[in-house]
Every structure is written in structure tokens, then in C-alpha cells.
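To keep things simple, chains are lettered A, B, C and D as they appear, and every chain counts its residues starting from 1.
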Amino acid sequence: MSDYRWKTAITKVQPNKISVRGYPVDQMMGKVSFAQAIYLLLKGKMPSRNVGKMMDAILVSSIDHGASPPSVLAARTVASTGSELNSSVAAGVLAISRYHGGAIEEGMKLFIKIAQRMEERNITKEEASRQILQEMKKKGKRASGFGHRLHKSDPRKDKLFSMAEELKIAGKYVRIVLCVEKELEKMVGRSLPINVDGAIAALLCDLEFPPQIGNAFFVMARVPGLVAHVHEEKTRMKPMRKIHPQDFEYDGPEEKNK
Amino acid sequence: MSDYRWKTAITKVQPNKISVRGYPVDQMMGKVSFAQAIYLLLKGKMPSRNVGKMMDAILVSSIDHGASPPSVLAARTVASTGSELNSSVAAGVLAISRYHGGAIEEGMKLFIKIAQRMEERNITKEEASRQILQEMKKKGKRASGFGHRLHKSDPRKDKLFSMAEELKIAGKYVRIVLCVEKELEKMVGRSLPINVDGAIAALLCDLEFPPQIGNAFFVMARVPGLVAHVHEEKTRMKPMRKIHPQDFEYDGPEEKNK
Amino acid sequence: MSDYRWKTAITKVQPNKISVRGYPVDQMMGKVSFAQAIYLLLKGKMPSRNVGKMMDAILVSSIDHGASPPSVLAARTVASTGSELNSSVAAGVLAISRYHGGAIEEGMKLFIKIAQRMEERNITKEEASRQILQEMKKKGKRASGFGHRLHKSDPRKDKLFSMAEELKIAGKYVRIVLCVEKELEKMVGRSLPINVDGAIAALLCDLEFPPQIGNAFFVMARVPGLVAHVHEEKTRMKPMRKIHPQDFEYDGPEEKNK
Amino acid sequence: MSDYRWKTAITKVQPNKISVRGYPVDQMMGKVSFAQAIYLLLKGKMPSRNVGKMMDAILVSSIDHGASPPSVLAARTVASTGSELNSSVAAGVLAISRYHGGAIEEGMKLFIKIAQRMEERNITKEEASRQILQEMKKKGKRASGFGHRLHKSDPRKDKLFSMAEELKIAGKYVRIVLCVEKELEKMVGRSLPINVDGAIAALLCDLEFPPQIGNAFFVMARVPGLVAHVHEEKTRMKPMRKIHPQDFEYDGPEEKNK
């Protein structure tokens, strides 16, 4: 045993046996979904059936948002130089940062702060929200997870919340985010509806994930989207083209009637 | 309409409506798993229930392989400098390349070449495999997807193949990979069993994915693993530690008795 | 001594002493330029005064080319999401690939192939160039390092060649690249002048660098340019802006009359 | 003129003419060193001869520090998977972060804070240093740029300071860093000598660079080192080797007797 010896609690690899957090990978295959395995990997315990369904829905909700996000533009720009798929995807991941995806982590921190304030001062969520929003306003900081340039009523958010109620996952933090939405509207004088990042932030809090993992959810959910864009860029477009950040149109399959 | 206008067939984004390959994201949530949505995103059509199950199993099979793969070591090394989670994960993605994960793409190309040879020369898969393995041998090239340093009988491979049979997905390419395994053993004089990458390669061929997407499967499957390692590095380890590439031990939960 | 022990011939680090290729760093400071130290680092020997001047000129020639190259657009796109400077620069480096900067390596390989053909078949450079250009044409491959979308007569190329003559560095490979330019014009029927990448490729061959290092020269030269663009993006622009790939104008200092 | 039009003050590109901050690149070649051109690029003005020499020395001082820094280990780890040179270097750049190279930016911020405190409160540098060091101590923060695991008396630091005096560049900030070193020793009870990052931080302040560019200096200086390590890894080592982070030895050229 050398001075370098270190420990890891994630995966045990032995000859012909790989176990993630104690669960043999081959035994999980066919029984748990990829999203459930992700929960196990990150939380260290197997999700209930309901939590597993929520995980799938959260990851599906953010799988792609078209060609305009900076992560897609960075990935396509790199792909257009002939760079490998993995390098192009990596460039996209580098763009999932403070202003792009970062609202999940920021939102989680805000909601946790409100919950702590409620406890510390023994006040209602409305009071705690008002106090903290006022403190943020004074510092010129905006609440993350509210408002969207394009979606005034994001259908992904509604679905996340209705599923969370049905699956009995919605808890303290879903109530807090809804409360912040109301207090924010009173304060600002106009509606700043919860966006998909804000909804995910609240759900990840109710699922007891730490805020430091918030950005990771966006990364994990969006990597398949980046793969699709990089593959399209490499197979459909000419190398070194000038990639306009908004002047594109969708020419894929028509919308399915559900 | 400017000179820059371009087209994309992946996702249509309109106010309050996001549709991937024609399917509204909010309608997919709660109905399709993340893995099924990935299939839709990459192939442009919704998978059957069986194909969806196969997708989940493929992605689960490669979700993590402990701390020794270079992608994990690169990600942990970057994380230990205080770099952000997304940057650390990106460094890991950069290591998913020719010799690490690359066997999927190489395997796919090999199996497709054998299938083409069978058609072109109207020969059996055994003959085609022998011909092509001989040609590779002359060039000093080795078949990708066979043999493993540690796993002589990879349980993930067995599970992938048994599921593929059950789900009626195993087709021409599963038969080809099994044939290559036999011919390779005759040629080399010792067993070089199909590894998990070789099995995934055959299945992706039977699912009609192009080889260029092979590496992407490894990237998508392993990103959650990289996230788990980066998070552990950031929360459990001291910054700037010297990370030994093999001298570590697992101290996580004991193996569950299924 | 463990099984892991490995060797490196680049830099020896001892307490209070750091030596690159045998030269103490502190003794190089003040005596050799950064470009000379780069030569030492990569070639393992100290450059002559003339070679050092050539190195400085090569690196200066590619230090920046405005905001339109994909490396700059990728770096700015990532920077605009609030990503750190180093991550943004890394995204730019990922774009320095086959079609962007890659002409140096491809050019070097071409010129070396011509030189080898001359020797093998004991033919003139004109004949060797013709043969190889014809072979490339049959395969649909184009010679790298010739022609430029914007610069018909690149002043950087002229300066590189005039300096190479003055400094007695121009040798076999400069003669070969000039010969290829002529043969290419005859073959294609119009002028495809040597561009800055083609000129650098020839000079790096005459300086006896291996082609595998060709792309590195572009990376090393352009990283300061990427830094300048990322810094400008972070300090002058709004986060998450839509970055048009060509619709920008220069508003910096007027041109100096030297 | 579209809505997208934006401005940049770095480089103007016209047919057959490229000017950085007003200076035609071809006219700089042969006249200014790469390091001088970097100064021009980042500061927007041509350096004096003395400042140019200082720039060369700063960049040379950090060009490489052997194989143990995490940036080198990340780059080599990625290179060993068969990833391209530029991708491997990018992984290394991702590791130049808070705890590795970050001391330059942190040091600059500290020295600027001390200078501001001196002005605001009209106190000596000794008093300002003491106040701010005490404030940092209370918050459990350590001063960046002091102390080194290996080098008790870093010869690069001594050379940087002696050159800065000779070249008349040492100013207010060099005096501040020397003062902090003394006050720190009194406070801590043992010597924590200025390290190379601390010295560079002070010089960059005296050269009037903003702290946000601090990390960039480490990136620009070290990229050639990363290139050398990646090239060595790719040409000398076997793919996928296990890279021990410290158990290596130098077998390059012997030290030159200057």
C-alpha cells in the first residue's frame, strides 16, 4: 500500500463484475432505466419507481432546445472545423455555464436559502421570500429560474409540476418556488413565470440533490442534444461555414398529432 | 431571408412549444424514458417499446467503470485544480477517443465491412470474416471489440446479447460479431471474447445507427459517470492532490444481494 | 522504484532549479526570447540567433486574424455564457483542427512526400510535384497551403520568405513550396498562391520540425489572440448575446504609419 | 447593416492586410518579438523596448515545470487515448484554474486591494498589508503568491525582480509584494517567500494589466510546455498507459554549463 492510496465510493470493478454503488451493472440492465441508474450513481441509492419516473422526465425536459443556445453554437462551430465528435461535444459542455444552464444551481441555492431563513427566523415562506428578494434587489441581483425570453408559459414546467404532484415528489421546495413566483410578481410589477430551470431547481431540492450538482443535470440532459447537432453539422453542412446564431429554420418531421 | 439562412431537422422551437423530431417535449415527458428520447433525437423516429428497452440497457451498461479509465482521471485531475464541474467533465469527454471508447466505432465499421463483403462476393459470414481478418492481420491491424484486460467473460456483454434476443433486436450484426469471435480465436490461437464495446457495436449496427455515432454512445453513457467522479473529487478530496491512476480502493456500499 | 516509473526528457525540476532541455530557466530569462525558448522546448536544442528570429516571426505572423475564424467564435460563444477565461480559450483551441490551421500539418506532409519522391526516383522537384499533385487530383484531394478566400497576395507570406532568405533558413522545402505553387497553377489553370499556412509549413520543414507539430504552431501562436478576444467579450459585451460570424466592424486604433 | 452588427477593437482584416491594434502584422514580423506582439495584442499599444524584454522574461519563466503539474497530467492522459494534439492541449488548459496558475490573478487582486487601502486611508503599505492580511486570516483565507512546496528560493522570482529593477519596471506593486512577504512572515512566524506566481502578479500590476488577465499569462506561457508534453506522450509512450503523477525521472540532456 503506497502513500498515494485513495478511496472512491462510486463503482467497484473486479474481474467480470462491475457494481455501481453496490448494484451489479449487468443486473440493473433491463430492470432500471438509464435515468434511474443516473440517480443511483449520483445519490448512492436506488430510486423508488416514482422518483425514477421523475428523473426520466427531468432529463427529457432539457434534452434539446434547438440550434440557438450557445452550447449548440460552440459545438457546431468546433465541429465545422473537422474536429472529432467528442471534442465538439466537449466545446458545447464548456458553454453550459453561469448564464446558460446555471439558473438551476442558482435557483437551488436561492430556494435553500429561503427554507433556511424560514427555520432560522420561524417565519412563513412568504416572509422569507420577500426578505431575501429584497436583499437581492439591494445588491442588484436577480432571482434565477424566473422569466424566459421566448416561453411565457413553458409547457415543460407545467408538466414537471403536474408529474411531481402525481408522483408525490412535490414538497417544500415546490411550494417555495411557487411562492417566490408570486412575491416576485408583486415586487417587480409584472409576471416573471417560473421557467424550466426554476422548476428543475425546485424538484432537485425536493429530491435532496445538492446545488453543486444542478449544473450537472443540464450537462447530462443536453449532451445527447449536442451529439445530434454535431452529427447533423458533420453530415449535412459544409466545413468552415459561417454559422448564423439565429437565422435558421426547422425542416424536420412535421409535428405529430399525439 | 439573409445569405446566412440554414436549416436544421432536429428541434423546432416556438413560443411555448418545443418539439424534437416532431414530438412536443412536454408530451414525451412521463411517457418516454430519457433513453427513448435519445433514440428519437438521433434517429428521427420514436423507438418501439423493445428498442427503447434496449437503448436503456446499452446506456446503463457503460454508465461507469470505476476510477481508472483515462476519461475519469482527466476529469478528476482538472476538477482537483478548482475548475468548474462542466469544464472538468469536458476534459473527461476529450479522453473518450480512439483507444478509449473508440472500439465501438471501429467495431461497427468492421462488422459493416464484413456484411458488405458477404453481399459483394456472395460468400458466408465465416468466409467474409476470415478474409477481412486476414487482410487486417497483414496490415498489422487488430480487430476492435474483442478481448479485455480484466474481464474474460464480461457479464454486461452476456446481458446485452440475451436482451437483444428476447427483444427481437439481435439480427445480422449480432451473428457477424459472434462469427468474428470464433474466426479470431482460430486465427490467433486463443480466446479473445467479445467485450462490451464489441457487443454495443453489433447492436448499434442492428439498430441501424451509423458508425460515426458509435463514439457518441460512449460519451452519452459515461457523462453521468464523469459527473459522479468530478463531484466526489470536489467534495471528498483535497485540491491539487496527486491522483494515482490505479492505487485506489472502493469504500462505497456493499454489494446488494439481488 | 515502482512498476509505474516513467521517463521524460523535457524539463528537470529540482529544489530551486528548473531546467528545460538542460537550460536553467532563470538563466534563459533576459537572454532568450519566448519564441527561442519555445524552439528549445520543442527541438531539444537552443536555436541560433537567426533561427530564433525566424521563430519570433512565424509566431507573430499567426497571432490573430480578427473575429471571424471559428476558433475565435467558439471561444467568444463560450465566454459569453460566463465561462472562465481558460475554459473559453480551451474551446477555441478545440476548433484549431483539420480545416482551421490544419493546412500547416497537411502542407508539411505534402512537401516531405515530394522531397522523398525526388530521392526515391531521382527526379527533379518539378517532376515529383507534378506526379504527386496528379495522384492527389485523382483521389479528389486538394493541396493544402495554397489559395485564400480573402488574401490574394498575403503580405505575411512575403515577409516570411524574405526573412527566411536573409536569415539563411530557406532551403529545400522553400524551393519545393515555390515549385508546387507553379505546377499547381499550370494544372488548375489559375493562380493559387501560397498562403501563410503553406509558407509556415515549408519553413517548419526547413527547420526540421516533424509534421505532427504543425498544428501546435498554430495553437501556440493563436492562443494570445484567443485570450484577447475572450477578454474583450467578457469586458465589452453583454452575456449571452447572439454572435454574428461576420457582421462586425473594427473600431480599434487607426493604422499606424510606421 | 443588420441588428446583429457588433464591434471589436483587436484586429482589422482587409484583403492583403491584417493589422493588430493598428499595426500591420507583416511589418511587425522581424521587428518585434512574439512576446512584444502579445503585449500589443492585450494592451492595445506597442511596448517600450524594456517592457518587451520583461514580457519575454515573464513568459519564459513559466514555459514549463516538468511533468507533475495537473495541466500536464490532464493533457498527457487525454493524449494517451489517441486524442488529437489540440484536444489534449485544451484539456491541459482546462486545468489552469484556481489552484493551478490561479495565484497570479488572486495575487494581483490582493496587491491592488492593498494599494487602494493605502490611498483610501492614507496609510503606509505596511499598515495596509497588515490590515488586509488580518482580515483575510479572520475569514480563513490565505494570501496567494507566497510559499512553494519545492522551491524555497525560487531562482525565477529573483531573476524577475532583478530584471524589473534594471529595466525600470519595478514600481509600487513590487514594493507592495515585498512588504506583504515581510508582514506575512511576522504574522505566520515563518518565512513564506514570494513564489514565481506572486512575482509575476506584482509585475503585471506594475505593467498595468487588469487581474482578469492574470490567468491568461499562465495559459499563454504554458501552452508550449503542454505541446511538448503531448508530443512526447504521443511519440514516446504507449497508448493508454497508466500515468503515475510523480514517479518519473528526467532523462533528457544534461545541464548546460552556461
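Heads up, the rule we're going with is that contacts are C-beta pairs under 8 Å (C-beta built on N, C-alpha and C of every residue); 3 or more make two chains touch, one makes a residue touch a chain.
Just so we're clear, the structure is a prediction, and the values are computed from it rather than from any experiment.
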item	value
Centroid-based (C-alpha) most distant chain relative to subunit B	D
Selected interface, C-D versus A-C, where C-beta contact pairs are more numerous	C-D
Separation of subunit A from subunit C, taking each centre as the mean of its C-alpha atoms, in whole Å	40
Centre-to-centre distance between subunit D and subunit A (centres being mean Cα positions), rounded to whole Å	35
Centroid spacing, where centroids are CA-atom means, of subunit C and subunit D in whole angstrom	23
Shared interface positions of subunit B, touching two or more other chains	2, 4, 68, 83-84, 86-87, 90-91, 94, 96-97, 242-245
Complex interface listing, subunit B residues touching subunit C	4, 83-84, 86-87, 90, 245
Subunit C contact footprint on subunit D (complex, rising order)	1-2, 4-13, 15-30, 32-35, 37-38, 41-42, 44, 53, 55-57, 59-61, 63-68, 84-87, 89-91, 93-94, 96-97, 101, 150-156, 158-160, 163, 212-213, 215-216, 219-221, 223-225, 227-229, 231-232, 234-237, 241-244, 247-256, 258
For the subunit D and subunit B complex, residues of the former touching the latter	2, 68, 70-71, 73-74, 77-78, 80-83, 87-88, 90-91, 94-100, 102, 239-240, 242-246
